[in-house]
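To start, I am sharing the structure in question, which I have written as structure tokens.
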Amino acid sequence: MRVYLTAVRLSLRRYLAYRSSAVAGAFTNTVFGCIRAFVLIALWKQKPEIAGWDLADAVTYAFLTQGLITPMGIFMNNTDLGPRIRTGDIAVDLYRPVDFQTWWLSLDLGRALGAGMLRTLPPVLFGVLLFPVRLPLSPLRWAEFAVCCFLGYLISFGLRYLASLATFWTMDERGMSSILVALGMFCSGLIIPLTIIPGAVGTVLLHTPWAAAMQMPINVLLGTQSGGFGYALAFGSLWALLLLGAGRLLTDVARHKVVVQGG
Amino acid sequence: MTEADDKPLWGPAAYLLLVRIWMRAASQYRVSLVLTTLAQFFTTCLDLIAILVIYTHVQTIAGFTLPETLYLYGTTRLAFALSDVVASGVENLATMIRLGNFDLVLIRPVSSLAQVLADQFTPKRFGKLLTPILTLGWALHALPVHWTVLKGAVCVGTVLCGFALYCALWVLTGCVSFIAVDAQEVANSFTYGSENATEYPLNIFGRPLGLALTFVLPVAFVTWQPSLYVLGHSDPFGLPGFLRFASPPAAALLSGLAALAWRACIRHYRSTGS
Amino acid sequence: MTLSSITEPIILAEGLTKTFSSRKSAPFTAVDGIDLRVAAGELVGYIGPNGAGKSTTIKMLTGILSPSSGLLRVAGYEPQRERVRLARQIGVVFGQRTTLWWDLPLKDSFTLLQRLYKIPPSRYAANLAYYTEALDLGPFLDKPVRQLSLGQRMRGDITAALLHDPAVVYLDEPTIGLDVVSKHAVREFLSDLNRRTGTTILLTTHDIADIERLCSRVVAIDHGRVTYDGSLADLRADRDLETVVRELYLGRSLVDTTE
């Protein structure tokens, strides 16, 4: 257990060492938060209520999503796992006396915490100060939000982990990861809130695992999640278990493959 | 050592030569290339889908209909995709400088800018072209515009000047790398952010920001200003009419600025490492 | 005037200075008023401890850095201002970095260089044939550069620097990391090159054997200033070369040898 906590701490420290890079990233997030906010404002000005959201909800969503991108790894540019598999360095990791999946989860969690510290607050703060962002005051809401975020994080890790493992078979992580990034950008609600996507498409999108990464936590925070916190909790837990479980299975298959091939 | 031809290899010729070499290197990884090209295509569709979703709820945004917004989107996206194909090699400049590989650029008898622009050229960038071409095609078909020769010329000119403006922006962001390696990401947010912002009618950003995007960071000339003319729209900011045709001088000005900035950066280059 | 233009040095530096300004600390003078005259056809060893200013000097000579002050002319050009024109007259070999294209066969790098430097096809073919034979490139001409061993890559880099018949070649630690056989091969090749074609060679190295075998003239630099500039024979003055160089690096004054 201590090994994993150490991994989290070291990974966090490493992320925080590249502070100036994170600051630059926070700037980008803020810029895009503004752009998305203006777009949604233009829409909501025409139609003041859409899918139970008002203008303030939409603007809050715009900045919160930008703040959550990096912890949730939507752009997947911080994983070493894929490249290590491709170069074969992974052999060293496979023989460590730690649980493979938990090890990578710990490393990624450290990164996510660092990103949460440095990149989540700036865009949201900017939105609060200069835009009609409205955050709830109830501590219970925030606690629920935190839980949903954690589940969303586990799901996003689960997805990225599976995609990285696929490198064992495809021997190239760039192709898979770029498709995943494109999917993730849309299905997590980064480009446009999933709740306003009409018809069957919208319904389907609300049930993919990506929906739990950002859309659901924010819905819970805003109080607009249909089925409330209970539904989000169940949904998130289910997908997290499924994805992490699939990850464990796939790890065993991969390990077996590596051993059989002679490493 | 008498050379038959004393002039150094022309910049654009060197650029094309290097692009061919990089394409050959990239084509060694066929599957990866196909997948990433597909991913690029999907990514460009996302903004389009966002616009379509928005318009399922309303008929106009900031006074612009769907075909009109798609025209804005198509022109700026196409200009940007073209500039991305040609100039996004500049994104690698920060890494090049950090690893000391920019020195290698400077010892070659060809334009340093040509080498940097061509760096890591990959065919996957072409994946970004299809969506804007199709969208623009549809928008042109659906727009109730009375086409004249002048409007047609301005339409074509919009994409060309937009291309030049974006290329100049790429070069300027590259110049920022010479100053501070991390600053490149900040500069990138201006390039990508400009593209994202100009997909929509500029008046959604309000008057102060809209004016800033016209006179400070002149991205309004990528598509907004000339499109006001093509679409026959009045200017929500009430700016003088001649600005609708100011894209060419704006592009020339920014390109000139970029060229000067690049030259100055080379002159003051510090070259880290031994 | 006619006499001096015949003996016009191919590298001419007078009072060459480079100062780096820094936001955090005092300005740092890496090269402090160096005078250097290298005649065409010389093979000069440029030595000094790390941080002495060797790399900075070379970077100014090749046009990578602009001098803070002083006069500098290489092959008749002002390096930084006429960088592109000068580039065709010089070749550079970095011991620790390759100038070749990583993912492509060695031969493709050469073909690309032919186009970049506008080498006439007949000249290129003749040079390539010669270097293929002299450096034994045949076995790995078609191999991607990333698969080459260090020795093979170095031979490729040397060829790449010479294909366009430069007037001056700079070699920055060319034998570093090579095995004894490869080191010998490189040294013999360079010596032969200088003798056969009269190409001016400026060699930066820490390897005593390199200096011994190749350099008739040695220029030593420390803290940005020239501490010795003369013949190898005068430098060692019948002593062991390694001892002499070590003393030089440590900054102790040289035993007698006056000018």
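The chains carry the letters A, B and C, assigned in the order they are written, with residues numbered from 1 in each.
By definition in this document, a contact is a pair of C-beta atoms (placed from the backbone, for glycine too) under 8 Å apart; a residue touches a chain by one contact, two chains touch by 3 or more.
No experiment lies behind these values; they were computed from the predicted model shown.
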* Mind listing the touching groups among the other chains when subunit B isn't counted? => A | C
* To do: Sort the other chains by how far their Cα centres are from that of subunit A and give me the top one.
  => C
* To do: Please find which chain has its CA centre nearest to the centre of all protein CA atoms in view.
  => B
* Asked: Busiest chain-chain interface by contact pairs, anyone?
  -> A-B
* Cα centroid separation between subunit B and subunit C, in whole Å? -> 41
* **Separation of subunit A from subunit C, taking each centre as the mean of its C-alpha atoms, in whole Å** => 52
* How many angstrom between the C-alpha centroids of subunit B and subunit A? -> 29
* To do: Note which residues of subunit B are touching subunit A in the complex, please.
  => 29, 31-36, 38-40, 42-43, 46-47, 49-50, 53-54, 56-58, 60-62, 182-186, 188-190, 193, 196-197, 200-201, 204-206
* Structure fact -> Listed in rising order, subunit B residues that touch subunit C in their complex are 1, 3-5, 8-9, 14, 17-18, 21, 24-25, 28, 100-101, 103-104, 106-111, 267-271, 274
* **Residue ranges of subunit C touching subunit B (in the complex, touch as defined)** => 20, 50-51, 55, 59, 62-66, 80, 83-85, 87-90, 92, 94, 97, 99, 101-104, 108, 112, 115-118, 120, 165, 167
* To do: Would you pull the subunit A residues touching subunit B in the complex into a rising list?
  => 20-21, 23-25, 27-28, 31-32, 35, 38-39, 41-43, 46-47, 50, 170, 172, 174-176, 178-179, 181-183, 185-186, 191-192, 196-198
